[in-house]
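Below is the structure I would like to discuss, written out as structure tokens.
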Amino acid sequence: MASDAHTKGSGSTLGPRQYIQITIGLAVVTVLELIASYAGLGTVTLVTVLIVMSAVKFGVVVALFMHLRFESRVFTQMFMLGLILATAILIGLLALFWNDSTDALGPEELPPWEHHGH
Amino acid sequence: MRPSPRAISLTVLSLAIVLITTWLIWIAWDATASDPMTTLAPLSDNADAVQGLYNFVTILAGIVMVGVLTLTLAFAVIFRERAGHEPQQIHGNSRLEVLWTLIPVAIVIAIALPSFSVIIDTTGDAPDDALEVVATGNQWWFEFEYPGLDVTTANELHLPVDRAVNVELRSEDVIHSFWVPQLSGKVDMVPGHENRLWFTPHETGMFLGQCAEFCGTSHANMRFRVFVHAPEDFDAWVASQAADAEPAQGDLALAGEKIATTLCAACHTIRGTNAVGQIGPDLTHIASRTTLASGMFENNSENMAAWLANPPGEKPGSIMPNLNLNAEQIEQLVAYLQDLK
Amino acid sequence: MEATEAAHGEHHTSLGVDNRMLLMWIFLASECLFFGSLISTYLIYKGESLVRPLPDDVFDIPLTSLSTFVLLVSSFTMVLAVYAAHHNFPKMMKLSLLSTILLGLVFLGFQVYEFRLFGSEGLNLSTNQFGASFFVLTGFHGVHVGVGVLYLGSMLIGSMRRNGLGPSGGLYMEIAGLYWHFVDIVWIVIFTVIYLIP
Amino acid sequence: MATATGTLPQVQEETTIWTWLTTVDHKKIGTMYGISGFAFFLLAGLEALIIRTQLAVPNGAVVDADRYNQLFTMHALTMIFLGIMPLGAAFFNYFLPLMIGARDVAFPRLNALSYWVFLGGALLLTSSFIFGGAPDGGWFAYAPLSDEEFSPGAGLDFYAIGLLILGTSSLMASLNFAVTVFNMRAPGMSMMRLPVFIWMMLVVNFLLILSLPVITVALVQLVFDRNFTTNFFTPAEGGDPILWQHLFWVFAHPEVYVLILPSMGIVSEVLPVFSRKPLFGYAAIVFAGVAIGVLGFAVWSHHMFTTGLGTVPQIVFTASTMAIAVPTGIKIFNWMGTLYGGSIHFNTAMYFAVSFIALFTIGGISGVMHASPPVDSQQQDTYFIVAHIHYVLFGGAIVGIFSGLYYWFPKMTGRFLDERLGKIHFWLMFIGMNITFFPMHFLGLSGMPRRIYTYDADLGWETWNMVATIGSYMLALSIIVFLVNFFWTMRKEPTATDNPWDAPTLEWATSSPPPEHDFDVIPEVRDRDPLWYDRDHGIEKVEPPSEMHIHLPPPSYFPLLIGLGVLLLGVGVLSHLALTALGVVIVIYSIWGWALEPTE
């Protein structure tokens, strides 16, 4: 990307018409998410479906609204660095806590309504 | 490049200097094995396993250290600036660099693999016949309960020799750490968690322990002792500890009992009386313990009187407040408590 | 030669990208870790609450969906503002910017309403781990929206001055847009992970 | 508007207090970082001396338990956040533009702001000694000891607010520096031609950018627990103190590399210059530094081996921790390779640089020892660890910083620090440091725990504690020698030429001290060692045109004002929320003024 892209107009070829289409697309995915969450899917299926759909929305906004797709790769590298590390630390922490055998407040000591999940 | 005689002799000299230094360090290092709280003279099986690993790691570390220090010193001396010497301008050497990537890789694998096996052995479950003990950390003292044996004591853990003990670690307040260097590495006592550690002591005797996680004002004064007995001695100890407190004998002690069961009862338990407080240590057999205030003082009448006169003055931050007892009350209390064998 | 470069407001850079754009992207990488830690805390404490109310007791998904749409539409108006700034449509830019600000304020209004609603149902910071981690996570997101509103507000005021935002106006608007869209994508994650996943 | 017009020598403007307060010149800001960092380094050293005096004999009575706990907590906080970090930032501020051939950092005003926010946070944290007691929960402030129930005083609030402010400062500085390294390089200065010091600092900046938000979240949770009724870390309410430890160490382990990597960079500059040959294995050293940075995010739980982590996590974090030994080893071997075959000129800078290799190696090796959890179960929280971190942070970070100071002093001031006093300084420090910290290995092996204000006689700890205390006084003496050297040198006439050491990097291509605009003509870079390349290829320095018109950013008082506003924000949380409101107003007003201020 040439540097003058930033002053003379973003390097993207998107215009208002495309932006409207993207927004409608995002709204549709959000509605699908809502439908999925009320559809009575199994937990694993539901979580997978929801995560995939929100990842799609996330990706579309970053790539098209934030123009990352049309910008220098440095921006992508910088942002992915933070995103990947944050995800890795999140997964690492969840793995550590959800397998913690020393937790004195284990499920058997929880109130009855708490018997779910990990 | 063939090394010159000068370079060889300077390298040998460097090696000699480093080796002599290392040898002196080693003497001091090794001498610590005779100290009372040494980590280098293990007397339990788990501590043995740790020690074996430690020895291996230390030797490898020592070799690496001697190597690096010798070469650094030797290079510094050999390649000192000399008139007319223009160093060759080299930017690196791929073969060498690969080699010294592989050397540390090999060393850490050599350390990691036995570490894994010791981790698996020592963090696994205790043998089925292990003695169960619940150790609870408090600011700043330890409570030891023996489930099923009706024994609760403080700051002194009694164990039979050659039988595994499974210590369940809890905390009442902040994070503490249970550590008896000669018997076991430390494991933290974390509120809301149930950690545990187990070991099998090999030898009878008294071993010093200490809280190893900073836990506030008197962290330094949170010490305890472990007594490892022959099995029959341990059984006798359990029998004496499981009994209720001796009723007071004599006027002085009777007066002391009266104070203890009123003033002290809110915080302390003296089994066999109406003192059932849960805040401070169980006093049922306090006179049988060797120390006061979590290992700070020898347990005798004099020290106990001083303690009762002003606990926070004796032990900074003590949760037990100054009860403003007069000299007579103190004398009575000491007379009573020192009879609670 | 430096002086002539400076007059254009466009310095030579090693990577050929603008310093301010680069700064914003690296900053957003840092923000990923910030929200990542908050979301981690929320998920770690999921199921650790000792008393009710729990998410199922208080969440009003239709209401939150509505505020989610509001934020989504604000992203759309923001992108229009950037487009207008780049293509020199000052009127469209100001209008889009104003809409974005108003939509941001509506979102904040929803959030205040939701917080009060949850409060009336007995959920506050000290009730349980859900309350603490939920309010701190969404609260900090709200703070980001609030900062964004101030940020865009100052852009709007700036654009109404005689010279507008100056020759780098498009760039400034684009950077502001990055921030605003980031706040939106954080909400995309929060909406799915906190509200929709059981 | 500061516009330097004319030819060399540059007309020195009169410097007043006001020029310092409003400066956006990276060299002035670097100098201020350096002076403040050194002042706090002295303060932290003083705290250490009191600690060592207390421990010289069993049952010492110099300070009481609570004061001791404040002292060791503040010693660590001051050294880490107010001493070593700003000293690294000082060099980086001063030399980043000079070493990459730029006129300033990417955002000069942001740079000034970082400094003023740092100073505000530092003063706030230190003022806790006067207002209600310093933090006393250790620099790690483990919950629940740090919760309101067990630490009811203001100390831990000072800790949390102080670190939040300092974190803000570090984040701004790191963003600024990262952009500068990426985007402000001179023509020909590709990434793989960057000086190693710049590379290591770039890694440091990314470590901070990516780890500071994590500690920010943890500190916010602590502030909320202590002041706003949440129970993030209260076990009785379902909170988990272990969460604090994880979040803390996700930040604090990379933080250790934040402290040591700058010094690794400095010795990578000093060793080749005085060995008269290029750095051995440049690419390997750079990649090793990056690898250390990446792995630094995957090892945090090795600080928590004794918390009941469980078998599998112990194995995983053992493996990742040991992996770090590999890039570290690569660096050490490459430094030795640099010495090999050289023509080593031993001045004070080189003494420090070579001793860095030795001392850091000792600290690194003891680190590998307790990377093994079973071994760590005996060494964790003992003086063995105290020895380890001081070999890394004193033998490593501080020794490296002194090397850089002797090396760059002529560039910064035009004057050479006295070599004879320098060598006395070095030997006192080298011997003193080993006498102070090596015996701590023995103490740890003898079972002496850390953070105890007193100990009994007859545990075998008396001798080595006394020895360590004597060593600490030697260290203090070495610092006095350095101060004498500094003040004496500053009274001498400047004699330094542009490149007195015949060094290869760009900062030596300009005058000593550099002009305000750094370079008359931005140099062109043709090699990794540009000045050596030019020297060997007979390339003459480009003469400046007779008419120079170099644009420099004008001074601004808004950074100072925002810094003040941020300080008020923090003070308000600690005292009265009205001050916070005032702080917010000042910050918003100044940002607005900042945005409208002409910079061209």
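Every chain is named by a letter (A, B, C and D) in the order it is written, and numbering of its residues begins at 1.
We adopt the following convention: a residue touches a chain if its C-beta (ideal position, glycine included) is under 8 Å from a C-beta of that chain, and two chains touch if they have at least 3 such contacts.
Computed from a predicted model, the values in this text were never measured in an experiment.
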Note: of the two pairs A-D and C-D, more contacts are counted for C-D
Taking each chain's centre as the mean of its CA atoms, subunit A sits from subunit D at a distance in Å of 36
When centres are defined as mean Cα positions, the distance from subunit B to subunit C in whole Å is 51
Cα centroid separation, subunit C vs subunit D, in Å, comes to 33
Subunit A to subunit B, mean C-alpha position gap in Å, rounds to 47
The positions of subunit D in contact with two or more other chains are 182, 209-210, 214, 235, 238-240, 242-243, 250, 308, 310
Within subunit C, the set of residues that touch 2 or more other chains is 9, 13, 15, 17, 22, 26, 29-31, 33, 36-37, 44, 48-50
So subunit A residues touching two or more other chains come to 74, 81-82, 85, 89, 93, 97, 100, 102-105
Which chains touch? The pairs are A-B, A-C, A-D, B-D, C-D
The residues of subunit A that touch subunit B in their complex are 100, 102-105
Listed in rising order, subunit D residues that touch subunit A in their complex are 182, 206, 209-210, 214, 235, 238, 240, 242-243, 246, 250, 297, 301, 308-310, 312-313
Subunit A contacts subunit D in the complex at 74, 81-82, 85, 88-89, 93, 96-97, 99-105
Within their complex, subunit B touches subunit D through residues 1, 25, 28-29, 31-40, 49-50, 53-54, 57-58, 61, 64-65, 68-69, 71-73, 75-76, 79-82, 85-93, 96-97, 100-101, 103-105, 107-108, 111-112, 115-116, 118-120, 122-124, 139, 169, 173-175, 177, 179, 181, 184-188, 190-193, 195-196, 208, 210-221, 316-317
Residue positions on subunit A within touch of subunit C in the complex are 1-4, 6-10, 14-16, 19-20, 22-23, 26-27, 30, 33-34, 36-37, 43, 46-47, 50-51, 53-54, 57-58, 61-62, 65-67, 71-72, 74-75, 78-79, 81-83, 85-87, 89-90, 93-94, 97, 105, 110-111, 113-114, 116-118
